[in-house]
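Shared between the two complexes below is subunit A, which pairs with subunit B and subunit C, respectively.
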Partner chain A sequence: MPDRRFIHIGFFAGAGIIIQLLTYFTGTGYFLTQLTMSSYYAIVIIGLCMLMGYAGQISIGHAGFFAIGGYLSSAMTTHDLTPFKGSLPVRLLDSIGFLVDRQGLYGEQILHFQPWVSFIFAVLVTVAIAYLIGGPVLKLKGHYLAMATLGFGTIIYSIVIGTPVFGEADGISDVPAFALLPGLTVSGKMSVRIENFYIAWGLMSICMLLLLNLVNSRVGRALRSIHSAEDAANAMGVDTATYKLRIFVISAVFASVAGVLMTHFNGGIGPSEASIMKSVRYVAIVAVGGMANLWGALIMGLVLNFLSLRGYFGSLDDAVFGGILIVIMLFSPKGLLRKETLSYMRDIVLQRGSEEDNA
Partner chain B sequence: MLEINGLNRRFGGLQAVKDVSFSVREGQIKAVIGPNGAGKTTLFNLISGYLRADSGITSFMGKQIQTMAPHKIARSGISRTFQHIRLFHEMTALENVMVGRHTQSSSGFIAGMFSLPGTRTEEKRIRNRALEIMDFIGIADLADTDATSLAFGQQRGVELARALASDPKLMLLDEPAAGLNMKETAEVAVQITKIRDLGITVLIVEHDMSLVMNISDEIVVLNYGEKIAEGLPLEIQKDSEVIKVYLGDEDA
Partner chain C sequence: MGFELFFQYIVAGVTYGAIYAIVAIGFNIIYNTTGIINFAQGEFVMLGGMTAFTLNTFMPLPLAIIFAVIITMIVGALIEMIFIRWLDNPSVLRMIIITIGISILIREVALHVWDETVRALPYFTGNEISSIAIGGVRISPQVLWVIGVSSVIVVGLHFFFKLTSVGRQMRACADNRNAARLCGVSTRNMVTFSFMLSAGIGALAGCTVSPITYVSYNSGTLLAIKGFTVAILGGLGNSIAAVAAGLILGILESFSIWVMPAAYKDAVSIAILLLILFVRPSGLFGSKERFGLKEF
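== the complex of A and B ==
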């Protein structure tokens, strides 16, 4: 039923227009900033949902992949290569158009990588690292996998906070705009705020469509079968090790792409994006969303991140997500927004409705 | 078609399978029987690649498979069911059977994500073939039911259909009648003969003597990991060693 999928995505993309118009008519245009960021976070979350909810493999290190994307692209687009202008590699890169010039804060010339080049490079590095880490780590199950991915996240955090190129505790700022296409620029400038909301919302919708397609395909079925009975999946000829690795890499790429774009939108990135609490937050949101429920993960990813970014949780921000995780694990370990829970709630509501009719 | 030659497997101090050899001819139903702990399931796990043999050779259609991974063995044309039902949760009966078509289809991650035209026609083919097979087993009406909410006997049917969906050359059935009542066991017997009539070779591990004696062309008897007899059902019934194992010693 690909048609129904397209209709759902169409409605969802349309909801973006309504949201934008709402902010216009209610004079809350400043919400668009957080909505744009929430959309990028939602891309990380649906990718993780695919890995956790469908293929059944947990990762408490996804902020690491987000950081790899964000940090690599921002380092490459801010680091000045002018001092090395005479060297052969820089001359070569320049001659094939990989480098661009721009004016720095005080009018100085900065020579750095073209954003598309750094974007593609960051994604390629993410793929390589995800393969390297995923290969050995995905042989583990349950708690062991959780701990190993946690270890990966910790390593990435230590690297960004201890490396001068990555700005150590300050992170990287002054990241330039990223012209995706002529006329479509990812940037935090006020003048392109609305455009950027649509870029983020559109990309999120596309990512969602790709994953919905995947879930309902031969591969999606195989991934779900790994989740519930890995040995039986094997007996059906599913190469479970390879499938787990591939979906791990795909979800890492989703996180990395979101990282790159968010960094260009924000104009910078800081070590908190690589922190364990960020990874925990992603896991918590997937859990609230219903684990094996892409739509639930998407909606929760948007709503909870928006609330968090608007500061509704105040200084208890991290505590809220920790708390969500505890409550979900205690009362609904298979996730909150699930078919069963929803139909159960509908039954309650409908029953109550009919009782009122009788009265 | 399947040749097992001097297979050994030890778990710590227990020799679970000891120097077992036999062969399965194409188109026959062959049964492996024996008391609890005789090593029947271990033998199955060795053939299907879940366990590695300490020594010995398994060859299927002239190719050695004893070191191959389970999914590769499945791809070579051997499918299996499990003694303890291993259906996929949160999937319908039809989706379970559709996973069984995995080896007969090829769409990958990229094709799936972009829902390319080829994958959509393949998806239709998978669905239709899965429905055909469910119809053949007699469970087509259960297609859209959540697999794990089915009755036990129906779940066995789904497992059988799932294993059949890969168009195997050889099916390994691990106690297909375990936990079934007499009527259901009789149904399973009919299903297995129907599968054989499709030209698929069947190797069964079974406890239920009535099932095995009625449908098998040949029987292998294991006891404490060793083969103690092999032959036609009638010969096995008369074999003094087998009677001793199943009914106990006269002196006991």
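== the complex of A and C ==
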């Protein structure tokens, strides 16, 4: 008998197909663009949910990892290496097939890195940075941890905004399409909108499955023990530091991968993707989703990002997420979509009094 | 580097350092009475500068500053009463997220009230080009105002905590909340006072510095991070050390322009923050034993 997890994921993937068909038959195919972007954001959010909800470590710098992925990949695939064509490293890279030629916006030839190469490079750099930062940062607790991750996010933001290679305040545009496989291309072109939606939705489902497996494994149990009582877990022989660090790296990689794909999908990236507000927004969505609730985070990530990208919040976009944070933390600090809250609501709906429960 | 240039860097560093120190003291006041780091501290500075600018359009500058400080203090008190007062022993993570949410709300309200343009109060004395020669080096009179006002704030706070009854009650709260409550100190009111006080000094700092640095709706975050860096550098809760740490950070930052692009200036101070957090979280002047006893 298949595991319940697989059934859930199956249903979820099926929901993607239904959504696509719905938009197709109602002539609202343009929704797919925002749905694709929301799916990439949702990948960041489930990664962060793992870190915050299960390992109990707050990170107000996750937009930094998203930006590392997006910016590295886009810088490597837009910078013209033609002037250095004669030099040894460029010739070497070219001969092993790491470089490609393409026609630029104004018809000029641009020699740049193959997207797969830049993708892998960006993820490797993210892993390295996450290990480097995560080691000392995760030793901190409470305010110090929050400020350290906030500081990390700010450093990435000020590097992005102060470095000419990353386009400074303008960001990077004209990022080429990313051919994942022959015939399967991540790009914002109208003609590949449907397949891009499936790429994003599929990747999100795979990421979700990975995390669900992780939660229900030895690692997941160890993480929960860290969350409820770190010292006790440590005393029981759980290597808390290693577990925290690994989850930190995993969630950073999720953010980075989402960053790379989103950038190739949008054809560009701007400094706002690295801003603190973005990091805070991810935290807010995890909080709404119910902290230690991957499904809640996933669904809220999709819904809220979709609403925000469609512009339903208007100029109050950031205020909405700030307000959400405060309201959730004031009235339901363990998050909104929790099993307890949900079953409580079900009790109300089914009109089951609490007296009966006690009986 | 000639002596004059060197001196200019020092003066610039001291000016910024004084502001960081004031923000850090704001952090400390609230931290001491509540154990909370108020992530919205930088927003008080921004609110002070912006409100004074608007008031200054129809009233003289000194009056505008006084009212701006009072308004910000009221905002500080309201925030405490609405969001924090009634929480029963909240966890640290919860308080962090709530104060971050508050800072975003203040910033968004400011954005809708004042739009995105940067604003500045007029120079308190003289104008942009007037300068005072000290030992052959010319500095702007506003720099003296910033340093002067900051010193007055620090000294004033010192005497406030030493001599007045409310100040003593707040210190009692900081030392031991339960004991203070047993002695008849209304700890809840002290928390409200501490929010008012740190909002007030933040706003005053925002007013004095705005002619030099300009203020816009989003200038609070960075100030908060730097103020926090300074508070940590000096040892959380220690206001005199915060002044020294503020000057150190300000001068370091101002000399960093000399060796790397100015755009990375902010990254330098945050890198210092991370370094301090990793290596010596009790701060340069704090003792490790006392740090171990604190809850954070």
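Convention: the second predicted complex is superposed on the first by the 349 of 359 C-alpha atoms of A that agree within 3 Å, B and C clash if a C-alpha of one lies under 4 Å from a C-alpha of the other, contacts with A are read in each partner's own complex, and residues count from 1 in each chain.
Keep this in mind: contacts are C-beta pairs under 8 Å (C-beta built on N, C-alpha and C of every residue); 3 or more make two chains touch, one makes a residue touch a chain.
Just so we're clear, the structure is a prediction, and the values are computed from it rather than from any experiment.
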| item | value |
| --- | --- |
| Subunit B versus subunit C as contact partner of A:124, first or second or both or neither | neither |
| Which of subunit B and subunit C A:150 touches, first, second, both or neither | second |
| First (subunit B), second (subunit C), both or neither touched by A:322 | second |
| More subunit A residues in contact [subunit B versus subunit C] | C |
| Partner chain in contact with A:231 - subunit B first, subunit C second, else both or neither | first |
| Subunit A residues contacted in one complex by subunit B, in the other by subunit C | none |
| In the complex, subunit B residues that touch subunit A | 48, 50, 69-71, 74-75, 79-80, 82, 86-91, 95-96, 98-103, 105, 107-109, 111-115, 119-120, 122-123, 126, 162-163, 166 |
| Contacting residues of subunit A [partner subunit B, same complex] | 2, 210-211, 213-214, 217-222, 224-225, 227-229, 231-240, 246-247, 250, 292 |
| Footprint of subunit C on subunit A - complex, ascending | 58, 60, 136-137, 139-144, 146-148, 150-152, 154-155, 158-159, 161-163, 168, 276-277, 280, 283-284, 287, 315-316, 318-319, 321-326, 329-330, 333 |
| Subunit C residues within the subunit A interface of the complex | 37, 39, 83, 87, 90-94, 96-98, 100-105, 107-109, 112, 221-222, 225, 228-229, 232, 261, 263-264, 266-267, 270-271, 273-274, 277-278, 281, 296 |
